[in-house]
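Take a look at the structures listed below.
Shared chain: subunit A. Partners: subunit B in the first complex, subunit C in the second.
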Partner chain A sequence: MTVYSAAHGAAPSRAARFTRRAAGAAGAYVLAILATAFFALPLVWIALSSVKSEADISAYPPMWIFTPTAANFEELFGKLKAFDALLNSAFVVCISTLLAMIMGTMAAYALARFSFRGKENVALQVLSIRMMPAIVSVIPLFIIARSLGVFDTPWLLIAIYALNGLPFVVWVMRVFIQDVPKSIEEAAMIDGCGRYEVFFRITLPLVVPGLAAVLVIIFMFSWNEYLFASMLTSSHAKTLPVLAANAIKPKAISWGLSSAAAVVMSLPVILLVLSAQRYLVRGLTLGAVKG
Partner chain B sequence: MSIKVKGLSKRFGSHVAVRSLDIEIADGEFFVLLGPSGCGKSTTLRMIAGLDVPSAGQVSIHGRDVTYAEPRHRDIAMVFQDYGLYPNMTVYQNIEFPLKVRKVPKPERRGKILDTAERLGIGDLLQRKPGKISGGQRQRVSLARALVRSPHVFLMDEPLSNLDAALRATMRTEIRQLVANLGITTVYVTHDQVEAMSMADRIGIMHRGDMIQVGAPLQVYDNPRTKFVAQFIGSPPMNLIPATLSRDGRVTSSLQPFADLLPEAQRTGAIDLAARGVPFFLGVRPEHLTVCASGSANCVEAEVEIVEPLGQTTNIHLRVGDTHFVLVTGRSTVTAGSMVGVVANPEHLRVVEGEPRPAA
Partner chain C sequence: MILLAPAVIYMTVVGFYPLVYSAYISFTNYNPVQGREGAWIGLENYVTALSDGQFWHSLLLTGIFTVLSVGLSLLLAILLALLFNKQLPGFLILRTIVLVPMLVTPIAVGIIWRTMMNAEHGLLNFLLSILDIDPQPWIGSSASAFASILLVDVWEWTPFLFIIVLAGLRGLPASPFEAAAIDGAGAFRVFFNITLPMLRPVIIIATLLRIIDAARTYDTVYILTRGGPDFATDLASIYLQRVNFQFFNLGYGSALSWLMLLAILIVVLVYVKLTGFLRLASEKEPA
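Moving on to the complex of A and B:
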């Protein structure tokens, strides 16, 4: 290439470079579109299925042109009272995510910044919550919930989800906080901040990408959680995943109904990810804070 | 007295970082803590700042005991080696932060920020983020942030060591002028003896957690108390020739003509050291030695090992038997391998203590 440009002067080489760059960009776009299509197709299929009748769904070859129907959504929100479950889910997941974020981030700060006896031990104990297979704890939790009188209440699920999310928040946020140079916090302390002010005014704004990533992930953990929700609720505190399981009927699976439930369940997550997208890219690649 | 440190110690586990330190720093004084890395100078500064809690001892600022006070209650400002700027804020917001935290009204803030920024020559950077400006500019911003509040005490932890040599020299002068104009008491930590010598009103030299010597730059340069100080300050360092005290009270060394010329006060010091069983050296700065004609009075015959012409000065490395020493002179025609006579300026001959001991 250098030989070519040396022999023919600047003008043709610039043109050649432009074509080459354009070709490269086009290639990248094609690949990106293919990848997007690959990952989006199932979602599109679910979205389409949610507005098809049972007959249209099972038609072969697949139908791309059909008369849309709201029957699945009507069944979901009418007969199955999905709106109640949606509210339950939203309430349980929002509160538990918030609790896990607040407690977890503060614990992470302590683990990242203070030295105290048995610090690593504490960190490991927090992590050990996640080491136990969930199914092992269901029966004990059921018994405890019955005796405390919290069975089938949102509070039980909030406690469980918050506790489940906590280790993840603590361990990931600890790394993010450790990445913030200590001298920045010390400068703030000299400038007139107390510990809490340093935490809220200086450190937290610097770890927003981490907070966003962690928030989305633990939100999704709880939002999609089925095992605890199905075993520890019966009618009042039923969440969306439990309700969606109603699509599995005695004789067959109602694909239209389950697709409609999937659409309803996915929407909040999609909205959340879109609104946090700005931070997610940086957050998920870790180590975003550098002076 | 602006800052008073009494019996200050810091232990990290079994490691003693700072051992029973006493310093008194006067109002408006520029005090430099000098020493190699790991000597405890930064730890001392951090204890004065309140960023580290002392294991023992007391820190007072303006007559108030602040040993356990939070940094924000000490009326101090600090400049860090890596600047410690808030990366998510603009330069303006960085300088504004200490005023904002202290709830200074907005119009007043604005005036002070613009004023300080102007004085430090960063007026046109105010809307940029710290990541988008150069190292020297960042250091100016961090100085501005420290100065905007007009603190009583100004602490600087190796503020110039991340800058290149040329910029370091300029900033050195600027900081010195700035602080002198404002009359703020300053404690400045550095490992660079040139910085210490050129900026300080007084230098405190630390080694392995001990304060070895405190004094004005030239006083420390001329009268190093220990071997460590003699070799740490000055380039090339002071020549140190092992010496002993003979039974009849004479100082003997391998360069006996120099030992014989020791001023009386120095000889008394040697007797004192010998009485305490402390080893000592005969010390003479390279620039206080002169080449002379062989056979002159009090002259030492030495072999020239290497000649290093540096332009302004020339370093001549000499040897007498197993004793090696250096002479600094202007231009010289002396060549390696030749024999020369060397005389010492008697009033600059010193007795220097061998093992470092904490200052009394």
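Moving on to the complex of A and C:
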């Protein structure tokens, strides 16, 4: 009798708990989909606009079904020579990223493995370079560029992007290299490896996730950078953001063209970063938060 | 030490030298367009700046913008992180989609929202019409432009805070939560007494990085409004850029940029002091 009543009493409460949990999950899905829509809708919208004709873009109410056209992309790559800008962007970003990573990783190794005075100032240095409004250094760089004859060449942008990325690399790689136990290196040295051999064959392979984290971040920042690029280039060394910003004229805006430019410019970095998503958080937080 | 040399030399030559040069220009009347070669005028630029109402307006606007943008996106990011911390099927894909806005080139973000906010054929007014709300002028009117650029900034940067807070949540130890469950603590109490305090270090780091970036916002606002209408969105970086490259008052512009840097520096130092950021950043060293 008692057994029966206990079972009888438990059954509805279990059912109630189940319903409550199901309702909770349903609610979570509704909220999650709403939130995702808020972030995704503008992206879908721009992607659609990029394959609409100028007339379809100006239609109201907005058209969801239309005949797609490649005209915007044709104009972008034809008249606006977006391919040149794409190459410029790729060249500048790749070289500067490489430079920053080589110099930065070397410095990070020194900071992680040897002790000397002033070590702790590195944190402040990283921050101070992040804090610097681009505005502060863009004027002197503009003047210097003019006088050195490197205005409107990729070299100055490479130098600047490498500089902006450098403290990031140093800081994040330092955290990662410290994670590698010293004993592994020492064991290799006992086996007769030199310092450099140890670095390249033991330590470096172990910090590949760190390199990926840094690479993703500084690639993203350089690829998306506009202010320096707009001030220090005019026609030959123009990068994609500059080209796209120029497509927005104050009065007559070509919506289709600028949408196409937005898509072409953003897609590479979105694909790159999403493919390395698991390294993103550590890179973004200077290695402080494990993602 | 040979390992350190390239980085240090590089940062000195490419980073430090322009700074010194910029500081020097800020004490001159350099203006290449008006043919002023840059005679030494001492503190005159800085004195002028003190009574430059436009500058203080833009600095104040930048301050309000930074506080509201970072505050709102942090709130939204925490809510989102709590939501997406549930491991339900399909959440991984949705979470990845939410990430995308922070990856989009800021210039493209500006383009996207200019089309969204277009008064005649923009998607936002269409969505409002479905909800039976009157169309809004968005960036077209000085009354709504500031709120509009805030909306864009929150859209763009909430994902940044979200992904960091989510990673922080995932990294929390399970035992305090189990203990709270045994004690029968409610969801709100668990959040305010356990989750939030344990997330503090993560939030402090992420927020600092956001504050620094928000204070320098330029690209999106340049595309959206160029500081207008009626200077309603004239952030400091936009105003400075106008002084420098529209009027070519490079001496005066340099002085203003140093004042802006000083303002950011003060905010950051106060923040670092109040939150103990540096201790946090170095505490993360491996045990």
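Convention: the second predicted complex is superposed on the first by the 213 of 291 C-alpha atoms of A that agree within 3 Å, B and C clash if a C-alpha of one lies under 4 Å from a C-alpha of the other, contacts with A are read in each partner's own complex, and residues count from 1 in each chain.
Methods note: contacts are C-beta pairs under 8 Å (C-beta built on N, C-alpha and C of every residue); 3 or more make two chains touch, one makes a residue touch a chain.
Just so it is clear, the structure is predicted and the values come from calculations on it, not from any experiment.
K.L.:
Between subunit B and subunit C, whom does A:Ser183 touch in the aligned arrangement: first, second, both, or neither?
P.N.:
first
K.L.:
Applying the document's definition of touch, where does A:Leu148 land relative to subunit B and subunit C: first, second, both, or neither?
P.N.:
neither
K.L.:
On the A-aligned overlay, A:Cys193 touches which partner chain: subunit B = first, subunit C = second, or both, or neither?
P.N.:
A:Cys193 sits against subunit B, while subunit C stays out of touch.
K.L.:
Who contacts more of subunit A, subunit B or subunit C?
P.N.:
More residues of subunit A are touched by C.
K.L.:
After lining up the shared chain so the two structures overlap, which partner does A:Ala70 touch, if you call subunit B first and subunit C second: first, second, both or neither?
P.N.:
The answer is neither, since A:Ala70 touches no partner chain.
K.L.:
Under the stated touch criterion, which partner chain does A:Ala26 make contact with: subunit B (first), subunit C (second), both, or neither?
P.N.:
neither
K.L.:
Classify the contacts of A:Pro62 with the two partner chains as first (subunit B alone), second (subunit C alone), both, or neither.
P.N.:
Once the two structures are laid over each other on A, A:Pro62 reaches subunit C alone.
K.L.:
With the touch criterion stated at the top, can you tell me which subunit A residues are shared between the subunit B interface and the subunit C interface?
P.N.:
Comparing the two interfaces on subunit A, one with subunit B and one with subunit C, the shared residues are 289-291.
K.L.:
Note which residues of subunit A are touching subunit C in the complex, please.
P.N.:
Per the stated touch rule, the residues are 25, 28-29, 31-33, 35-36, 38-43, 45-46, 49, 57-62, 102-104, 106-107, 109-111, 114, 116, 120, 123-125, 127, 129-144, 159-160, 162-163, 166-167, 170, 175, 178-179, 220, 223-224, 226-227, 231, 240-241, 244-245, 248, 250, 253, 255, 258-259, 261-263, 265-266, 269-270, 273-274, 277, 280-281, 284-291.
K.L.:
Within their complex, state which residues of subunit C touch subunit A.
P.N.:
Touch list, subunit C to subunit A: 1, 3-4, 6-8, 10-11, 14-15, 17-19, 21-22, 25, 80, 83-84, 86, 88, 90-91, 94, 96-101, 103-108, 110-116, 118, 120-121, 123, 126, 129, 155, 158-160, 163-164, 167-168, 171, 201-202, 205-206, 209, 212-213, 215-216, 218-219, 222-223, 226, 236-237, 240-241, 244-245, 250, 253-254, 257-258, 260-261, 264-265, 268, 278, 280-282, 284-286.
K.L.:
Which of the residues in subunit B end up touching subunit A in this complex?
P.N.:
It comes out as residues 49-51, 70-72, 76-78, 80-88, 97-98, 101-102, 130-131, 142, 145, 149.
K.L.:
Please give the residue numbers of subunit A that touch subunit B in the complex, ascending.
P.N.:
181, 183-184, 186-194, 197, 201-202, 205-206, 289-291
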